[in-house]
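What follows is a set of structures for review.
In the two complexes that follow, chain A is the common piece, with chain B as its partner first and chain C second.
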Partner chain A sequence: MDVEPEHNQTYQPGEARRVANWFDPRGRGLGLLAFAVHRITGIGLVAYLVLHLLALGILAQGQAGWDSFVALVRTPVFLALDVVLIAGVLIHGLNGIRVTLTGVGLGLRRQRSAFVGLMVVAAIALAYASCRIFAS
Partner chain B sequence: MGWQVTLRVFRYKQDGTPPRFDSFAVEVNPDEYVIDAVERIWAEQDRSLVFRHACHHGACGACGMRINGHEKLPCSIAIRSITIDRGTLTLEPLRNLPVISDLLVNMAPFYERMEQVQFPPTRIAEPVLDETTGRPAVQPSPVLRYEDCLECGLCFSACPISGTDPEYLGPAALSAIARMIEEPRQGVDIDALRRLADNEHGCWRCHTAFECSGVCPTGVDPARSITALRRQIAGDGLGRLFRPGR
Partner chain C sequence: MNQTNLHGRASLGWLVQAGSGLLLVVLLCLHLVANHFVVPGGLQTYADVVRYLSNPVILIMEMALLVTVTGHAALGVRAILFDLGLPRHVARNVNLALGALSIVVVAYGAWLISRVVGGPT
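After this line comes the complex of A and B, so read on.
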């Protein structure tokens, strides 16, 4: 009599590994890189928004507290973080335009070159912004 | 033979031991295909190696696996095109499907989705057009041709969303729905298919990473089909909004 094989010990990576695959570029194309970068910058921007709202709470401590906070954020480390923030905004915002268009079927054939082009625009804008930040 | 290559093969057995990679040195003719090297391992070095294969010429889609991380049909990839003499090829099973053993995955979750769509593997052949009139030169014959989708599962493996949403229909099934709406088949409930596509596990779950279209061995372009579905569903919704009687 034939016996049906049982596949109750099949192997599948865990949930964490499957989510990590979102950010694993090995064997993937430019589309996944754009997908991963969009998620990383999105999470970063949400984290920044929370920190920003918490920082605004310092206003409740009066002028002295606020002045010392402003002095802190003008240090080179915080200015560098400003550059990271602007990079996130540029990458997420510009790629967001591409995602919106391709999501409804516009520019599908040129989605790779659109990503590259928009990232070049982001790099130029970031270079300009960095110069302005550190020159101020 | 010509070249010596090392095949680093994912191994998994249902004996409680964790997955591992085994390396096999194989002599190959560089013009052979990757499936030939895999079969040589099985024939000459390790009879316990488990993999699936059938047609050996890219028509059945049975042998899909990841070669150096890329979803491929090993029967269609010449060794010369992806490595060099004394190079290494890493072979892994498809992603997002349970591994039964070694390079063999359980395709049931993929086929169950295709079954939901009831996608016929064939379609009616197009009539031959008369060059001068542009009209059919002969009446359509009852001859059928195959749809391009092989149901190999490469797109399902490459899709990042298929890995994290267990209910996501996936690129092939959504493409099949798009084809069925494009060319309705007798007895198929198109509205039911639309409902299947129009939900959070359907075409709206796609995040347009384009990996499905990148790996498809027959150029089905699921990403295009999914966005076409979205346009159609959104258009229908807007139409109902402005013409509620229809």
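After this line comes the complex of A and C, so read on.
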């Protein structure tokens, strides 16, 4: 017996593929890449925000707990993760500025070049940040 | 999330998301510079953190950052979830859940700052 969907049911079989399609670059333009990158970095930053706030709870334990935490995050693994974090912040932030500008009607004809240009800026800033992180 | 409604005006959610994003660019830059770029070694000691958060201007800036980033993150997660095509009653619950979670996050941050500045017991 077929089950009729509810009148206000908007979830349909295959809707979940929408998210999976973010990762499928075949036949896609730069616009979808920018969209997918923006959302993926956003999700990553939300996860980092949660971890960051939980980690800062160590401050409530006083100096001993904080000193141990600082020693841990100075290890090369965590420094590498910091570089990944900075990459996410730069990509999401700079692309977000582009999205905001185009959203208010600015730079509509320059979206592609704006995206590429901003990602170049992000790469340069990331290189500088990486040097600062590993040199500290 | 639709950027415009039927009358061509940007939705309030989009405006808040965009505005908070621009504000975050400024606040995050200040946060990163103050906490990691001017501090020797890139990380503050416990005493540095207490001194840092005891400054009223810094306190306001950090709380503004927390509120802004929490709101921006919640709206972003909401946009992604809504793109999955949620039923109306689920969408309403998502709004309530994200709103409650945001309040909890900001309250937690405020509590943590008060603990740090007040000193652990």
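Methods note: the second predicted complex is superposed on the first by the 123 of 136 C-alpha atoms of A that agree within 3 Å, B and C clash if a C-alpha of one lies under 4 Å from a C-alpha of the other, contacts with A are read in each partner's own complex, and residues count from 1 in each chain.
Basically, a residue touches a chain if its C-beta (ideal position, glycine included) is under 8 Å from a C-beta of that chain, and two chains touch if they have at least 3 such contacts.
Keep in mind that what you see is a predicted model, and the values were worked out from it rather than measured.
Engineer: Applying the touch criterion given at the start, work out whether A:73 contacts chain B, chain C, both or neither, answering first, second, both or neither.
Structural biologist: second
Engineer: Please work out whether A:21 is in contact with chain B alone, chain C alone, both, or neither, and reply first, second, both or neither.
Structural biologist: First partner only, chain B.
Engineer: Using the superposition on chain A described above, determine whether A:34 touches chain B (first), chain C (second), both, or neither.
Structural biologist: A:34 contacts chain B only, not chain C.
Engineer: For A:96, is the partner it touches chain B (first), chain C (second), both, or none of the two (neither)?
Structural biologist: second
Engineer: Touch check for A:62: first (chain B), second (chain C), both, or neither?
Structural biologist: second
Engineer: Contacts for A:42 in the overlay, against chain B (first) and chain C (second): which applies, first, second, both or neither?
Structural biologist: Only chain C is touched by A:42; chain B is not.
Engineer: Is the number of chain A residues in contact higher for chain B or for chain C?
Structural biologist: Ranking chain B and chain C by residues of chain A touched puts C first.
Engineer: Per the definitions at the top, what is the overlap between the chain A residues touching chain B and those touching chain C?
Structural biologist: 9-12, 15, 18-19, 99, 103-104
Engineer: Can you list the chain A residues touching chain C in their complex?
Structural biologist: That would be residues 6, 8-12, 15-16, 18-19, 39, 42-43, 45-46, 49, 53, 56-57, 59-63, 66-67, 70, 73-74, 89, 93, 96-97, 99-100, 103-104, 132-133, 136 of chain A.
Engineer: Mind pulling up the chain C residues that touch chain A in the complex?
Structural biologist: That would be residues 3, 10, 14, 18, 21-22, 24-25, 28, 37, 41-43, 45-47, 49, 69-70, 73, 76-77, 80, 83-88, 105, 108-109, 112, 115-116, 120 of chain C.
Engineer: What does chain B use to touch chain A in their complex?
Structural biologist: 12, 14, 16, 19, 66, 68-71, 95-100, 106, 158, 160, 163-164, 207-211, 214, 223-224, 227-228, 230-231, 234
Engineer: Which positions of chain A touch chain B when the two form their complex?
Structural biologist: Chain A reaches chain B through residues 7, 9-12, 15, 18-19, 21-22, 26-29, 31-32, 34-35, 99, 102-105, 108, 111.
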